[in-house]
Amino acid sequence: MWKWLHPYANPEVSYHFTGRLLPWFSALAAILLSIGLVWALLFAPADYQQGDSFRIFYIHVPAASLSMGIYFGMAIAALCSLVWQLKLADASAAAMAPVGAVFTAIALLTGSAWGKPMWGTWWIWDARLTSELILLFLYLGVIALHSAFEDKNLAGKAAGILTLVGSINLPIIKYSVEWWNTLHQGSTVSKLGKPSMSLDMLWPFLFCFLGFAMLVAVIVCYRFRNEILARNSIRPWVRELVSARATHK
Amino acid sequence: MQFNSFSEFINMGGYGFYVWLSFGVSALLLVILLISSKADHQKIINNIAKQKQREDKLRQARELRKQQASSAQDEAEQATS
Amino acid sequence: MKSLSYRDAFFLVLKRDITIALRHRDDIINPLLFFIIVVTLFPLGIGPEANTLSQIAPGIIWVAALLATLLSLDRLFKSDYNDGSLEQMLLSPHPIFLLVLAKVVAHWLITGLPLIFIAPLLAVLLHLNEQSYGALILTLLLGTPVLSLLGAVGVALTVGIKKGGVLLSLLVLPLYIPVLIFATSAIDTASIGLPYSGQLAIIAALFFGSLTLAPFAVGAALKVSTN
Amino acid sequence: MLLKGENLTCIREDRLLFDDLNVEINAGDIVQVEGPNGSGKTSLLRILAGLSQPYEGNVLFKQTAISQCREEYHENLLYFGHLPGVKGEMSAEENLSFNLALHGLDTSETHDDLAHVNLLGFEDSLASHLSAGQHRRIALARLYQSQAPIWILDEPFTAIDKQGVASLEQRFTEHAEQGGCVILTTHQDLLAISSDKVKKITLDYAFE
Amino acid sequence: MKSLSYRDAFFLVLKRDITIALRHRDDIINPLLFFIIVVTLFPLGIGPEANTLSQIAPGIIWVAALLATLLSLDRLFKSDYNDGSLEQMLLSPHPIFLLVLAKVVAHWLITGLPLIFIAPLLAVLLHLNEQSYGALILTLLLGTPVLSLLGAVGVALTVGIKKGGVLLSLLVLPLYIPVLIFATSAIDTASIGLPYSGQLAIIAALFFGSLTLAPFAVGAALKVSTN
Amino acid sequence: MLLKGENLTCIREDRLLFDDLNVEINAGDIVQVEGPNGSGKTSLLRILAGLSQPYEGNVLFKQTAISQCREEYHENLLYFGHLPGVKGEMSAEENLSFNLALHGLDTSETHDDLAHVNLLGFEDSLASHLSAGQHRRIALARLYQSQAPIWILDEPFTAIDKQGVASLEQRFTEHAEQGGCVILTTHQDLLAISSDKVKKITLDYAFE
């Protein structure tokens, strides 16, 4: 059943394979994002309650859901690497962590910047906000652990264990925070009166969302290829590649 | 088109600061991430190249020492003979 | 030879760790003192009004317990790593999770248990609502073992890293958050006279979950760190 | 054949330490791993003990990969690394008892074992109050009880005085004669063991 | 040879410590993250009401700063002690207080300074009164060096002791209490719009006092610890 | 006379290690402190370096008690203990430069010094990535620059390979010939230095 996967578990093959995918991903990301963002900023209607501040939505929500999606991806990669000892799965998890952290940070920042005009404060200890903040800490933990190990293979394994422990914990965190919140306060700040999204808001959102997803794919590909190179530096194919590409001083 | 003029576009119905802050910071972070990911590639390649140079240097030093050792041995043999 | 049962191996390691702690009595006293000092810092930093204090008392006591546990964590594996004992344990013919479990139990007996005895005293200092004492003790009793178990995962991951001290807190604190939230919420609920068995049940679930899973995660992490 | 390393490759820091190394160790062997500083002796020993994974290759104990039979292998292994695994907070005797008990050995004769390593009179001193050499001797005392056939010892003579070295060498010979094997590194010459009894593995890839 | 002036020796050590910290970037980031995490734990433990939070914000931020400094302290001498560098420094032909001062300055630059930059952000999270931001920054600017200096005395005394981790906090926290009290009092005063120069003056006095005395105390303590 | 210990007495843990010991070290001496494990060699060396205080007695540097002339004494002293004082986070070269600069020595020729201890090619490796012996070699590289006449070295050969030991011994001879003195401990025999050139101080109170 796993046979078809086998060639891709070879670092050299996946290095070249991702190399071939990259231009396609990049083109898609560029097209989708430019259509989506122009649409979102210029043509999408303003919200009847929130006015033009609603345009933050088009970054905020994709960033927030991608931040969680990437963690999910990382957890799967970590599981694969622990169960099947796939070194490439480690490399891909390592490639995803910083991207996920950046998207989490974007979700937090855009959320805050939206919260100031809407709720009158940059920050409240709301369930969603708090669990997003904790997600950022989890990401930072994984990254810090990665950078603390010198041997990248070991770093991958250690970070994998942490990712898995964190992923078991993530639903608990989410649940606990939600519960804690409703228990303490009757919502003092009115949450977003959920507008039933009209089609002319939905389309640009879809473009933005897919565009950001493609951007994630592009960056993860770049980082994945870097990880492969760094982990296989003594392989002859890497050596050949290097002697062709190194900039000599 | 929702906006009649450029300044209206910038103003964003009074929410300009927050909207442009969000878009600006997001763009900045993503661009930094993208560029640093791309730049790492060359950095890693240069590192590996440096590594290779170091190995070559070691190999040379090793050969030199081997030569010295063998010539010393020769001398010693000559001296005894 | 080779006749050591699981039980014997467990108690062997447990006894050793407790002997070392008793020998070095600071190991027991210091986390306790840290706990006390942190709790007393708050009235100093916040001001002595009884109302405010009693309102924030559960949070402060629990955060202090959490930090005290955190600071005491590196005793768990660090010194064993530095002098090579850890290597020797990994090379012993026993399942690693068993030895890990023994060490964690010892850690809890040394640092967690004393906190539970001293906590009511501190609760008095902070004017904790009288109805909450039971909840405070119960949450600590169920919650501090979770802190030791989850903390062990963090230490095991960072033990090979030079100066892992603060990195550890980054890894471990997010994992502690559910315990903190449910425990303080239980205490708050108790203070208004409502039943808090729901929160307790969740903490108990966390306890059993981490009791069964953490030792294996720790074992895997130790193998990586000592590589 | 007790222990076998197949096609072992080790890479540290992008440097290839050894490549495609094959090692076969039989009962009765005394194997000295030789090589200048940094040639990979410690790395090899840790791989053989199962403490590190090789970049490529396998270590087999009685034809089984050691990752497959971890517990059985560890029952048959005694490893002594750069760090002795002695707790400063416990006395010499407590340390030894623990070490022995952990490996399922008899703890009733610790006195004699400590006498073998010349620690008589120091049984109750805390290990942290002993000198560098005495500290390591506590860990070495285990050698006089061990029933494990495979001994892997990384620089066991560090900080040990001459008399100590001589008695250790004698113990190695005994162990080999009783059907065990000893894999060790040291930068000193083995004096009490005749050199034809010692197999050598020389690592010097980096400097060859 | 032997031509190294006081200034050169000072900067040599300073540069070395900062190089090591930059190399190990975690050293800078981690205390910062710890600071942030501790600050976020309190709302989780206490509850999200903005009013309560803004009332206890100065206390929380300062206690967190104090704990972050405390945790980072053992970087100051411990690793130098463990690898023998400290011995070598004590054997160098320079006055010990000078080298100590350089190490403490480096420690502050690495851990204290970043806290000051991040503190306003956390103040936002805790809804600190807007009038208090100036006081917060000023007290941190004058107070954190005191924490580093006094902390150094504590580490120097405990560096020879195995597992001094928690004992250290016992020694050091009481010394930190005056800083904590005056700093939070300054911030509280500022929040109701009154002048807080009195408290600042006292913190400044503590700063100059510890700047002149602590290095000598540390030097003496180190000689004892390495004996 | 460079260094003199007068009536030195050392007591550790209620055990008298040496009593009323008098030591005189002159320019050109190579002094080997001998004795079995735990006889007090390290304790003596630390007292001579001024790192510990003796229970009784004085150490004099050029007729002045070393506590009276600490800075001057330290300018003339190079001490190398059981711990090498090398930071794992810095590269070999950075470590050496710092060590040299701290003692006011020239840091422009670190390359050559590292070559002397066979670390060519490892200049930029972090010290924590080196092997046990290479780690200690970084600290030993200082010996090739040091201008201090008094060298106190506690087991300098630990973990060093044979070739390294030979070149260190040669360096000691050179240093002694240039008017310095070397006080060292080791459990190995000095091979390259003829034994009549080596003064010995034997500590064996505990076992005599």
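Think of it as A, B, C, D, E and F in the order they're written, each chain with its own count starting at 1.
Throughout what follows, a residue touches a chain if its C-beta (ideal position, glycine included) is under 8 Å from a C-beta of that chain, and two chains touch if they have at least 3 such contacts.
Because the structure is a prediction, the values reported are computed rather than measured.
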item: Chain whose Cα centroid lies at the greatest distance from that of chain E; value: D
item: Distance-maximising chain from chain F - centres being C-alpha averages; value: A
item: Two chains joined by the most C-beta pairs in contact, as defined above; value: C-E
item: Between chain A and chain D, centroid-to-centroid distance (C-alpha), Å; value: 47
item: Geometric centre distance via CA averages, chain E-chain C, whole Å; value: 26
item: Chain centre separation (chain A, chain B; CA means) in Å; value: 23
item: Chain B-chain D separation of Cα centroids, rounded to whole Å; value: 41
item: Multi-chain contact sites of chain D, meaning residues that touch two or more partners; value: 13-14, 82, 88-89
item: Residues of chain A whose C-beta touches two or more other chains; value: 137, 140, 144, 148, 150, 177, 180, 184, 233
item: Shared-contact residues (touching 2 or more other chains) in chain B; value: 48, 51, 55, 58
item: In the complex, chain F residues that touch chain B; value: 120-121, 124
item: Residues of chain C touching chain A in the complex; value: 150, 153, 157-158, 160-161, 164, 167, 170-171, 173-175, 177-178, 181-182, 185, 188-189, 202, 206, 209, 213, 217, 220-221, 224-225, 227
item: In the complex with chain D, residue positions of chain A that touch it; value: 150, 233-234
item: Residues of chain A touching chain C in the complex; value: 82, 134, 137-138, 140-141, 144-145, 148-149, 151, 154, 157-158, 161-162, 164-166, 168-169, 172-173, 176-177, 179-180, 183-184
item: Of all residues in chain E, those that touch chain F in their complex; value: 1-4, 9, 12-13, 16, 19-20, 23-24, 79-80, 82-85, 87-95, 226-227
